[in-house]
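Scroll down for the structure; my scribbles are underneath it.
Labels run A, B, C and D following the written order; every chain starts at residue 1.
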Amino acid sequence: MVWTRPIGRIGRIFSLSYLSMTPLLILSPLILLAALGAVWKARPVHAALLLALSLALIAVLYLTIGADFIGLVQFMVYVGAVAVLIVFSLLITRPGDEAEELARRPRSVVTGLVCTLPVLWVLVHVVSRLGNLPAGAVENPVFSVAHVGQVLFTRYAPAVLVVGVLLTAVMIGAALFAREPGKKPQCPSDS
Amino acid sequence: MTPLTILLTLSTFLFTLGLLAVLTRRNAILILVGIELMLNAANVNFIAFWRYGPPDPDLTGPLFVLFSIAIAAAEAAVGLALILMVFRHTRSTDLNRLDSLHG
Amino acid sequence: MSSQPINRLPSPAKWTLPGWGLLQGMVVTAQNMVQSYYRKDRMTTVQYPEQRAPISPNFRNFPFLCYDGSDPVAGLRCTACSICEKECPPQCIYIVLDRDEAGKSLKRPKVFDIDLTVCMNCGICAEVCPFDSIYMDGQYELSTDDRFGGLLFGLDRLSQSADYHMQLRPEEATEVATRRKAEEDKKLAAQAAKAAKTKAEQEPKAKEAAESQPQGESA
Amino acid sequence: MSLLDRLQQAAPALWSPEWLPRLPQRLVEILLQYFGAPGWLVTLAGFLVAAATVVAVFLSGFALLSLVERKTLARIQNRIGPNRAGWFGILQPVADGIKMLTKEDIVPAKAEWFLHLAAPILIVVPSILALGVIPYGREWVPVPLELGLLFFFAAGTLTELSVFMAGWASGSKFPMLGAMRAISQMVSYELPLMISALGVIMVTGSLSLPAIVAKQAGFHLGFIPAWNLFTPWGLSAGLIFYVASIAEANRCPFDLPEGESEIVAGHMTEYSGFKYALFFMGEYLGLFAISGLGITLFLGGWQAPLPGLGCVPSWLWFFAKMVVVIMSYLWIRGTFPRVRIDQLMRFAWLCLIPMALLTLPAAAIWHYVGGGLLGWLTTVPLLLIPWVILTVLYNRRMAPATRTYTFAES
């Protein structure tokens, strides 16, 4: 019976054969639109929120193509931490007015396009060549978290350790950076 | 058109948009936004090649993305802390104003 | 433990178990909650429209005008002297003196309005009134859905009998009543004396000895 | 096969109390199968009905809790509480709902109307998403995800951004201040919350919430339930989780983001009418979700507290535990005053996070020793000694100094 079977994966409902392309075709333009907004919007907070939307949609994309673990981690880290950090520092730094940004825009956009269009051309060229590879037809099986854990702590154990050291250093370093220099945090009255 | 080409096209445009943001923005925090977009474009590629590429029992693609996400978070934290320090020093996050070495 | 107010908490010990104070607080609130179901003295809420808390005699809300006897027009103590109107800080009193056809003052108000929306219940009008006419009421249910007419109190709604005052604030009312009674007596006596005097002037001097008696009584 | 046959075939399980909450879902699935719907449609419709069941249950729970909370707080303060609408105030939630729905929806002139509109919706969504993965009963798991716990936390992170959107889009000072407070509080308390859940994941070896509940089956010595709470690391992690969950749900004494006496209503200041009600809905649904997760992780989920009580449907045990946990939240709210922001942050970073990190080695040792006496002997000192050291330090360094009053008598 249908209901007795555990679902397990979020994307299962999409990975039925006739549905597998649809989420990609729907999500990709949305992601690109949100990213375009993040690049284009003059108001910094809007740009940051649109970046969060774009990254969240990428997380949904991962979920639909079977990388559940990565998708959820992406959502947690990018939407829950990175976007919040960016928004928070935007609030603290009170970025300058948008009029200046908009006035500068025609010049900067032309310069930017001159630099990025060749990159885009090269990338599109490479992708169009790659699309013909026979490997594109294969679909790898979905992995379980247990498998991730096993691989992570055997084959990639050194990398895990390095990342752990890096994150610790980052935590201490960021805390030191962000502190007001020469000022000890103080309690108002009673401590 | 295969799923792989869709994902690769997506990541191509995402990367270009990120690059455009980095090149056109002046606010340091918004440049970080562009960098995050580019990182994510790369991540999409890793996932796409794991899913629709040759067999991958070691999960190289997803795990690379996992590490990349961890490092991106670290990078964002340190980057924003640095930007905050700079802001405290110059009262601005506009990179064009940071043209002097002796602050 | 009981519903008595806690005057002073015991001074905190030098070293207690962490969270001990928190637990003590939780015990207190738990007692509050449980005892509220069976101890009536804990619950001080008065269910207002059905139950009412007794009003203290010192409660003063909105002025009213006092009249003697049973006729609110004839017995009105107010003489429309306009002292209260002038003293009222927010100027919420409006008085028009009543005059006869000849333009002579009838010593009573034609219009006496108090605007509830302006009145701040200070009681200055009651303090300054030399005719014991205006007093602070104890009425507090004055709200109405008529925003304009309903909140402007005219003579008809302001007038209350002296009995009402006696009922509302017996001590003050008794004092006023005795004083007024005395003044009335004095006035009557003076009138009587005056009448007697005029009478005496008309009458022969031989009857002088007889009229000295009422004078002595009134003194 | 006729519809009756299908129903009859499913009947023994269909009508049992254990399956009662999933009855609508299964009826819809049987009906759709009977009418020859394709497999994906049956699955999708089943999910929709399951989600609708959960939402219906917890929205009525929200209505009930809003009344029970007011009644309980009133009793704690020796008041009566709402008792006008209906018998003992039972219709108060209905009255509140009508009031909220008919109120004018005000959008400030300086507000960004789209974000202002999106924020209350985005507050409710993660709570409902999180409610979807919790196992409420032996047979009642709305969406049995393999990565349930990760999904729960990932959905929960959306709240921070939506609170920020609410605060920023209102375009005024108090919401902004409230949002900044809320974000810093949520970020700080999310860490101990997640770290204290890690120990459970390590011992269970799975991120699936039903598996975590299944792991806590059975009894020690015949009567002590084998819940994670009754292990040294579980007790430590459970307490940390409890405190952090109060902070995550923005409940008193950690309700600084919306401290009425300081910043009006925090990020909700500029909201009115139904949007304001949505914030409350999100808050209460989040409260249900986080207490449900705590029950799943540490209190054995739907497992019965004593042996021989198997005849009671398991989801009733879950909700009984939830009532107890939520009443304890109310009790705490009625007792403690609000903490100050620096005390709040210091408590999270200097007390909760180190202690939460310590539960990880304790859980690892417990797992490899295999519990029992040896487990107790090794993990209790590991946790108790730092607790004592931390307490002494806290008493020495951070206890408030005795106040001196300049003008008032002490």
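Odds and ends about this structure:
Here, contacts are C-beta pairs under 8 Å (C-beta built on N, C-alpha and C of every residue); 3 or more make two chains touch, one makes a residue touch a chain.
These numbers were taken from a predicted model, which means no experiment stands behind them.
Separating the centre of chain B from that of chain D, both taken as means of CA atoms, is a distance of 34 Å. With centres taken as mean Cα positions, chain B sits 8 Å from chain A.
One simple way to say how far apart two chains are is to compare their mean CA positions; for chain B and chain C this gives 78 Å.
Measuring from the averaged C-alpha position of chain A to that of chain C gives a distance of 75 Å. Each of the following residues of chain A touches two or more other chains: 69, 73, 81. In terms of which chains touch, the assembly is arranged as an unbranched chain of neighbours.
Inter-chain contacts, as defined above, occur between A-B, A-D, C-D. In the complex of the two chains, the chain A residues touching chain D come out as 1-3, 6-10, 13, 16, 19, 45, 49, 52, 59, 68-69, 72-73, 75-76, 79-81, 83-84, 87-88, 91, 144-146, 185, 187-188, 190-191. Per the touch definition, chain A reaches chain B in the complex via residues 20-21, 24-25, 28, 31-32, 35-36, 38-39, 44, 47-48, 51, 54-55, 58, 61-62, 65-67, 69-70, 73-74, 77-78, 81-82, 85-86, 89-90, 92-93, 95-96, 101, 104-105, 108-109, 111-113, 115-116, 119-120, 123-124, 127, 130-131, 135-140, 143, 147-148, 151-152, 155-156, 159, 163, 166-167, 170-171, 173-175, 177-178, 180-181. Taken in their complex, chain D has these residues touching chain A: 10, 22, 25-26, 29, 33, 39-40, 42-44, 46-47, 115, 143-147, 150-151, 153-154, 156-158, 160-161, 164-165, 168, 176, 180, 183, 187, 190, 205-207, 210, 340, 342, 397-398, 400-401, 403.
Here chain B touches chain A in the complex through residues 1-10, 12-21, 23-24, 26-27, 29-30, 32-34, 36-37, 40, 43-44, 47-48, 50-56, 58-59, 62-63, 65-67, 69-74, 76-78, 80-85, 87-88, 92-94, going by the rule given at the top. Within the complex formed with chain C, the residues of chain D that make contact are 72, 75-80, 331-332, 334-336, 391, 394-395.
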